[in-house]
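You will see chain A twice below: alongside chain B first, and alongside chain C after that.
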Partner chain A sequence: MNNVIKVRNITKVYHDTVVLESINLDVNSGEFLTLLGPSGCGKTTLLRLISGFEEPTAGSIMINGRDVKGLPPHLRDVNTVFQSYALFPHMTVYENIAFGLKCKKLPKTEIADRVQEALAMVRLEKLAGRRPAQLSGGQQQRVAIARAVVNKPLVLLLDEPLSALDYSLRKNMQIELKSLQRKLGITFILVTHDQEEALSMSDRVVIMDEGIIQQVGTPRQIYESPNSLHVAKFIGEANIFETEVLSVSENHLQLRIEGKIFTLSNKRGAKLGQSVYMLVRPEDLRAWDKSEIIDREDKDELIQATVEQVIYKGSTVDLILRTASGKRLSATEFFDEDDEDLDYKINETVWVEWMPGWEVILPYDE
Partner chain B sequence: MMSNRLFKIIAINIIFIWLAVLALLPFIMVVVASFLQQGDENLFNWHLTVINYTQLINPIFLHIFWRSLVVSVITTILCLALGYPFAYILAQLSEKLRLACLFLIIIPFWTSSLIRSYAIITILKTQGLLNQLLLTLHLIHQPLHILYTQYASQVGLVYSLLPFMVLPLYATLEKFDWRLVDAARDLGANRLRAFWQIVVPISAPGIIAGVMLVLLPAMTLFYIPEILGGAKSILLGNLIKNQFLEGQNWPLGSSISIVLTFFMALLIGVYWKFNKNKKQVLI
Partner chain C sequence: MNKSLSASYLAFIYVILYLPILVLIVFSFNNSMFSGLWHGATLKWYRELFHDSGLQVIAIHSLIISFLASTVATFIGLLGAVALFKYQFFGKKLLNGVVFIMIVIPDLVLGIAFLILFHALNISLGFWTLLLAHITFCIPFVVVTILSRITGTDKNLFEAAKDLGANDFIVFSKIIVPMLIPGIVAAWLLSFTLSFDDVVISTFVSGPDFQILPLYIFSQVKLGVTPELNALCSVILLLTVVMALIAQMVLKKK
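Moving on, here comes the complex of A and B:
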């Protein structure tokens, strides 16, 4: 596969603080890659190293097969959509978008054609003569995107581009950005701390924390098979049980969870006696009430819990449960044909289960 | 409630009275004086006349006017050329260093500018600090005669007026969003282009304010050409001062002042119009 960007052993140190440590990353041509992590994890620094605003302390970056060491930002074939948009306030929308093309000294007619094309792409033809201050947040966002993509960069870098927008606008812009990326075929590298945004838009997600890459994978891999407790906690919610491996057979292992023995598949090769975490996502937990469970023979094998809180959310009902040992669980129940009646009462006893195989078993790593 | 309203009325009226007594009234007196005749015994003869204005259409006066304008423009350009880089760097320093540098600009304000002008003499005179330094460095073989030339007067003007250029520029550049420069660089502009096309246009209000604050006073700072220029180069300020203090021709001094005021008002008017047009584009 063609790697448009290759990051090799990048380390960045600011005033004795290591911001990035031995980062290796290959970005495929045409993919939508997201750098996801809490603030201060180094994701923006990595973006600025690629765009050329910072130079790495050690390591190298290749853009389209060329080592860009020492190459200033204006000579790199990447463009950035900045967090605050950074539109030029003294220029019109048209002039903002034309700026990059004028820097390249393209002929006037070509500039006009390409700016018109970019304006049409973000549906701002009618606002070409306005100044940024006269535009709404969403419109400014579109200008910022048009101003960058009009240059047809190899890679478009987006630094938390949607963080200033309100919720519904952000949702719409996510869809627009994604379809724009498909249409243009440009490689997008998005920086965000919003996990939902990362999961919904990306082809691949890079989870970063404290200057290192924790996991790289498709949104589904990241969500369903996190490789560390940290990643699991960062992406979505998880019920975490600490326990140890009671027995191991060829493909299975046994764990004691809340006093019950569970036989589960051993995907990661856990060893006998090893301390492990078992994770179950709230939406994978099923909570049955007495009438639903009464006929089942295996009901003693399920974990019992009492309902502490019921949060009705329209399409789902979120439950906060407490087991006999005092462990707090959260479960998200969906309205579907299996479970049309989601009428839970506070202090009611429920029986909890999950589909075997949907759990994640991780070794103690911290 | 009542006392609050009363306080407002009194406070606003005090400002009005202050302006009326100390600004408007003297100005009206100058306007009236400019239309009176010079008196032999009293300061004025109460005969209305326009002779003080027609008199000004005289090659000698026009020449002084023109020279003053040239000196002011040169002063302004030099202040801008020195002040802009200074304010630019200042705006990017850490807060601590920035305050220290601002302090250095403001301290001289606490000393009389007259005394500071005399201090420049000790630097520029034939045996002064500048010549000694240049001689020691073997850059020159004979002392330069700068003092009591128009160059010395120019140095004094630039020195005295530089803070008036730096402060408004600093105020604009301090608020400047440097991410815009990043954006320009990202889009393919080199540093120079980013500076000319992004930083300069956006800091234009500061540049204009600084130019106004330097250009206008530069025409009337009479004591600097007098002390440093050796009274050889008469500027508009000296001309006015001479009419009042030496020539005892108050009406003529008044009319020159009025013409100068009119010229300044014109500049401010142009500035206003420029600003208004810009705002209209924005709306």
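Moving on, here comes the complex of A and C:
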């Protein structure tokens, strides 16, 4: 697989503030890559460096094997979809989409063909004569995408393109964007702070914070094996236990969690006496009530907790639990054949467990 | 009760606003040279007006000055407003402040300043000094009018245009100007009227070879208001109303 974009040691400094520090990133041709992070983490700056609206303080960016240092945006084979869409208000949909091609001074017939093609792609043929103000948010979004892809860029850069849309429209646009990307075969780089959006659309996710890349991986890798506490906290919810490694054998280690000893596999080579975090996702926690646990021999090895809150969500039930030591846990229980009756009562005692191996053990952050 | 009160209040305001103008128009048709009384309708004064070739020359002078001054001022002011909005540069705040000072500065001060300047530069008063002065005092109004229109424009528009391959000239001519057309038209019309009826500044910067209408009317009024002047003012009023209507139509279309 070839890399359409290679970012090497990029540093960006604004007025003595380091916004990006030694960023290295390879973007595969044809993939859907998401830059995810809280606001101010540098993700938009990285996008603007790639698009050419800003120049890096140090480092280089290669697009399609060519160093783009000093190249203006329109000579970079990339196009941007802006958060505000930035449609030209005085032009019709057709004129908006044709703008880039007109700037390139293409023959009129070719412009007409390509604009029609782009209009068809985003299903806006009937609205070609409208002004942006006469369109809904979702339609404006599609015009913005059509205006960018009509130029046939190698990479489409999307800066929080869905943040202005309401929830259900955003869901639809996520699916539409993803299928559009597959159809076009263009590399998409999307910037977002919405972790759900990142997980559901991307081939790979780049987690950024405070100007550095924290982790790069598929949504599943990021979610199931976060490499730092920060990533784990940023992506989804997690129950976090702080503890020490009691003993280490060949492939296993022992931890004391809430007064119980757990023997778990040592995937990351933790050492004896090392302080670690153990993370379990709420949906991996199982909470059993007394009648379900009574026959089990290993019930003393489970963590006991009382139910503080029960939040019914339709397909799931979210529980807020409190252990004997006062630790707050959250657990998400699914209605399935194992557990059809999710009838929890407040102040009821439950026994909590998780599938061994589904936990994540991370070293203490400095 | 309340309704009739508000209606009569409204009528009162309209009378105060428009009665003088109405009197002017009515008396331009009065068949008497001096009288303030009505002596029957006539078009005599209009006929005289259109046969007064001296007056026509003066009117054309005024139109030329106002047209040129408002056009040049709109162009310079447009560039200035776009620069103030789009770019960060040294002295931007100062320039912004100076523009507003120019608006509130008394015409008298400005007029004398122009006079001293032209005198110091040894430029004889006439067409060019008049034009320069009119362009100058129109520019701040243009800047403010267009700036109020352009403020709040999404700056991403310019980046989007650049991303699509537009250079600065295309961004200006295809994006900024078309978006600002209503503001540009408004600024031009404002400049035109400001220039067309300016007396104070023009008094200081005009010479004997180039008469303009406001100064001519002003000097004639000293000899007494004639029905011919009434007719002249009525024609100017008609022109102004037509221009305002055209402006309304242009703005509505956009």
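The definition used in the following text is that the second predicted complex is superposed on the first by the 366 of 366 C-alpha atoms of A that agree within 3 Å, B and C clash if a C-alpha of one lies under 4 Å from a C-alpha of the other, contacts with A are read in each partner's own complex, and residues count from 1 in each chain.
In this text, a contact is a pair of C-beta atoms (placed from the backbone, for glycine too) under 8 Å apart; a residue touches a chain by one contact, two chains touch by 3 or more.
On a predicted model such as this, the values are computed, not experimentally measured, just so you know.
Three-chain overlay on chain A, with chain B and chain C in a clash. By the touch criterion defined above, A:134 reaches chain B but does not reach chain C. Look at A:100: by the touch rule set out above, it reaches both chain B and chain C. Looking at the shared chain after the overlay, A:108 reaches neither chain B nor chain C. In the superposed model, A:51 makes contact with both chain B and chain C. Judged by the touch definition given at the top, the superposed model places A:80 against both chain B and chain C. In the superposition on chain A, the residues of chain A touched by chain B in one structure and by chain C in the other are 51, 53, 72-74, 79-80, 82, 84, 86-90, 99-100, 103-104, 147-148, 151. For chain A in complex with chain B, the residues that touch the partner chain are 51, 53, 72-74, 78-80, 82, 84, 86-90, 99-100, 103-104, 131, 133-134, 147-148, 151. The residues of chain B lying in touch with chain A in their complex are 177, 179-180, 182-190, 193, 197-198, 201-202, 281-283.
By the touch rule above, chain C contacts chain A in their complex via residues 154, 156-157, 159-166, 170, 174-175, 178-179, 181, 254.
Only residues 51, 53, 72-74, 79-80, 82-84, 86-90, 99-100, 103-104, 147-148, 151 of chain A touch chain C when the two sit together in their complex.
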